[in-house]
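In the two complexes that follow, subunit A is the common piece, with subunit B as its partner first and subunit C second.
Up next is the complex of A and B:
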């Protein structure tokens, strides 16, 4: 190539390690080191840089899950262990992201069950895990403490810290050596501010993954893209408070009108297509982890990443 | 009386002697940090007399290390401490405890050590510490005293009995040392960073009862270096220990260490949220009203010393609401007294403006205007729910504490409803308003070295940077220089950052090296130069929130201003919204600037273009709004009569009409240096 793909950029993206193998003090079969990039993704042909990771999202109470996934996965969704196993062995995910949706029930108080759910998924799969705890301030403290404790040594990625709600997650990350997701509402400055707040409370930069908040393609994704672009440019220009890997979860894709109202014969196709294109766009914007919920999306993304990385230009996407 | 300095010296000597008598090896169970204080301070893993001696010497004969080693040795080989004592606390429990500290579910740590004069006194202190979300550790005879008094001990009560001797207080330090290593990333042996961490991050206080031996005094006194205030309730004399009465012990300790209790819920019988801010209470819905021209009323916020007011105290002077007839108007004085370490007198007016928001947060309370022209209403519905005048006070006291936790340590509210007393207090308030006006009026851009930025709008205008100076408020009109300063102090990582203005580049345009440097960085490299007082050359960027737009009208060699409320077409041929669409989004557009209304009254207004004499057109609405102040200012400048030379939509709606009008009044802009 005749031109400089680094554009005079100086700051590499910081690396974050997720999961821990036995030799690293955990029980995972693999650990990932994400981040470390020095330019925008997919610019360098045959780069040694790894493709984005694909995290498959599951939950412990499917009432709060999109109907399309419940229909596709069937009974699996009622058994978090089997669901995790299948996501690992059959769907081919790189990571499992467990949402503790039980905590969203009114007056939920069975905190020990949350610890058990995390333990169950830890034993059902040996992939690194992302754990989404509660989002109810009254129980956050106990839930994150419990999740952090039962998975000590496993280097989880814990979610999701926000500017007005980050202390419990930070505490769990600090106490049990996990990393965390810092989410800000599509705004580069707020992303930076949250990272500074986390730093002040003691969370190291190499334990933070930025979630810029991801809209669905055509439903606000362009804002996410712009925010991600700005986060990445700032980082590459040397702003260390933004030089973290990013995670994107375009979760709304499965509930948009086009998917909801599609003919039942093509509904899964429609869902996976929307999820695929939203996820692909997020990867192009620089995300290191792409989260999906429809099993058919996983192989499509994998194939796309592979072809883009090799520069074959043969990505055949349906 | 025991002299602490002398006793500590003697204690250090005794400890040193005993250190020489260490014989066997020893260690703590359930920890990866060996003897944690020794390990943290020196990096040495102590487990026998030789390593103990090494660490002790290396740390300069530190009494904490001596006590730690001696206690570890005496505990070695024995059973665990008998219930309820915990003895050494293992890492697992500690991790949870550190979690609660980071998480904020406990605010700080306290150590109670010694033999209290009586059990009731110790119980009172423990209760207060529990109420204030402190985790309390107990060492010495204070434990049996509490047990005798029926106080329940254990982690679930946030009262942890470490041991029966005062020396067990050393576990308090080993806990903090481990928290620093686990949570603070402090490397073992990095004594410097450990001390900084303990002093700045560990929110710990020590409360000392009588009955400490010389060795105990040496131990406790050595904790000062970790930044823990030593609060004394015994007969100890020391310059460094703080002697207090029992009722003051907790408050004094927490204040000294800067531990603040945050308020979460406001105990009043009506809902309170920004969601209610926009609602109004109409006459039919109103139970009672104050001010608004119907009765004398005022509001005032004053700074006080921390010892002059009692936090959360609400005083109502005069009749309560049940003595007021439905539909009536009554006098009201709202006096808010605040105290805080970082509170400054300059902040008074800024904080006072928040009364308006806070009263409106109440579902059944409504507030408009400020100072001695306020107008307050309370709804029938609220009164039916039991809302009284005192609850307005409670609402204000709580909201001030909640919203300014870094700034305020105490807020007291006095509400006066007695007419004579309102009038008397209002006189004093009027003097204060005058003083403030004089002070603010004298504040010039040249008086300060630091301006403040505002990048709040980068959410939608990604490269926009407001530079706020004393004489040029943010273009939205909502943030003054003082607001920016306070916002920065309250939230140092927030959207308002200090800008060192640096060397002067161009005095007339108000261009500074420091400002340019800041704007370049904050605009992500997009904007290289920014002149504070010019519309024509490198004007400030515009987000979209500007109250007014100032734009050049080259045909008449002047500048016109149009405010957001003006719906018509301006002589430029464009409406406000068309103009706003052209210049917003964070761009720098020479010839156009977003400004606040108050900036028009500033001496810096249009300075780069030769001053206010350039102003040729402005809608009547804003002219009326500014008239009194602007005419006075112009008259003071010897420019009386200029106000009438400014055209508006009644005298000129097109460029031709504007030219004709300006010619007729002989507008000074026509004869000024060409704009372009």
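Up next is the complex of A and C:
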């Protein structure tokens, strides 16, 4: 006999659907349902619970991308279609996250090109997509509107809403039935507040993924780790305003000193190891989408997640 | 179930001898009941009384010291499931694995690496904790010889891994007085293992695959007089590790299963997923982690994760406020103001160093809050900045009056200009962009 371990959780994590297959009104070869957890991450008794998803991040203007990825991926980074295809077929990602970095150029105004970039990636890969829109409040509305429109029916995940700018992205998500990422600066209360704001303008809970903001390992990661644990804990204790799945994107990882200044022979290993350590720890804290930028990180995370699934059935705790 | 103070009192000698440091046996009993004292402090308890009391009165997870001297480390004595509930107190020892089948040179070089290697992060030296010696040869002589080699090179905490009490016994001749951790007692051999551990006063790993078997074994060893135990769950998958380690922690801290109140041992060398085992060991309650010597990348990442997770969330690491120099700044060098949260400081400093523009950092006292939280909480304000400028004598260091402030402090720019008479330039929100900013905005 084993010990009976009960935490007394009352609320499950809400589910969010990402991507849509043909039968669901889209063109993706697969759609994912994340969330739905009823206890601490990886302790689900039900072994059908899915592993965290690995999203590979690409961009449409590599000037704004870490040099180490530009070196590793070579010419691919200049062609968003080829890059997306490779991330799908070769790197083995579960999702593609496209950053529309072009919008970061001064006085950027070519909105139609953003719609085209999204269309290009939609046709290059049949994986569900995350689209990271503009970084510039003045063009937010047009960019999100355009991206939302060209991908209607595909159940995109749109990023990123923040407390002081969420209306444009919410409008696009509502109009075209996409989900969105709600980011708050490493604070459980701010995360909750933003979710309430979103709810008040009509965004349903099952269309929100929480991004508690991920500090890089060694640069504040512990704050994010605890914020994730607290969000998960509050959700399981019944707070429905926090009961959404979480995304982790340690975007600064590949530009930190440890990676930048590593000897060139070990630089890729350093980059992938740093992403792996933070991604895996974040998954244990409750993140269900782990974003990475280095191709070598993808298979490492995948293998670990495989070993973390409850397959043996010999668990003594639930 | 935890015993009440009066139940404990009945088992004490009632001599009121004060040798435990308490004035009476009753006050000692009350401390024991609260988990604030250790039964070993009473010199008159027999082993049986100790065993009964031991499991119910000590801290929910027993503190165990491994090794002696400067590099020894303590594990256990943890109280929470989540670090944000309080903090995690004793970071896991990460020890490098060597086998007695390796050449003396190899063993020496791994030992030297653990002895000497250190990474400095946020002002702290991060090191690996010790050496685990494996009796892969299965011969007594080679095992003892390997331990001898290590002892000649360094005074590091050791883990002795062998199924043979003869081999362990021979090795303990070399290192028995240095509190190595002995691995491992099982249902079949615990009496002999306990005798060895007792003879040398060493902590002992107990090994079983099921939680109830572990609890049983802990009780048996405790009855044999060995209380410094560490538990090896020998998990078959990462899933099993998370499940049983979380189970042990929860059952121990709630005192639901006091016999599971011992630190956890994890062998990360099994299988090909060593980095994954290390990550899970660090975040999910392992106290001793055995790993093959790590690559530079994994070594840095593992030590950094351990430092992050075991940082006390209630006490942000702070810098002393004041003026700091990056490079050798001249009279026309830029002055960048930021908060005294150490992470902010070291992040900004790193980017400034790589920008290769000598400058001054003016650190103001926000009680360790980051820029964003300090602005929100009113802990970063114009008065503070004005006082910092005065106190630091920065006006004597530079010939201009231009202050670069963090992007997130932009709402304060007007008020800072009024209060200080300095011209404020709003820098980027993200420290990574500071080099670009200085090149474009400052040098213009």
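Convention: the second predicted complex is superposed on the first by the 300 of 318 C-alpha atoms of A that agree within 3 Å, B and C clash if a C-alpha of one lies under 4 Å from a C-alpha of the other, contacts with A are read in each partner's own complex, and residues count from 1 in each chain.
Following the convention adopted for this analysis, a contact is a pair of C-beta atoms (placed from the backbone, for glycine too) under 8 Å apart; a residue touches a chain by one contact, two chains touch by 3 or more.
Predicted model, so just to flag it, every value in this text is computed and none were measured.
Taken together in the superposed arrangement on subunit A, subunit B and subunit C clash.
When the shared chain is aligned, subunit B and subunit C each come close enough to touch A:233. Within the superposed three-chain model, A:160 lies out of touch with both subunit B and subunit C [touch as defined at top].
Once the two complexes are laid over each other on the shared chain, residue contacts for A:145 go to subunit B alone; subunit C is not touched.
In the superposed model, A:196 lies in contact with subunit B only, and not with subunit C. By the touch criterion stated above, A:176 is placed in contact with subunit B alone, subunit C being left untouched.
Counting residues of subunit A touched by each partner, subunit B versus subunit C, the larger count belongs to C. By the touch criterion defined above, A:221 reaches subunit C but does not reach subunit B. The interface of subunit A with subunit B overlaps its interface with subunit C at residues 226, 230, 233. For subunit A in complex with subunit C, the touching residues are 1-3, 5, 7, 40, 42-43, 185, 215, 217-223, 225-226, 229-230, 233, 252, 255-258, 260-262, 266, 269-270, 272-274, 276-278, 280-281, 284-285, 300, 303-304, 307-312, 314-317.
By the touch rule above, subunit C contacts subunit A in their complex via residues 82-84, 121, 210-212, 236-240, 242-244, 246-247, 250-251, 256-257, 260, 271-273, 275-276, 279-280, 282-284, 295-298, 300-302, 304-305, 307-309, 311, 313, 343, 346-347, 350, 354, 370, 372, 430, 432. Taken in their complex, subunit B has these residues touching subunit A: 95-96, 98-105, 182-185, 201, 455, 458-459, 462, 493-495, 524-525. Remark: subunit A residues 141, 144-145, 148-149, 167-168, 170-172, 174-176, 186-190, 193, 196-197, 200-202, 204, 226, 230, 233-234, 237 touch subunit B in the complex.
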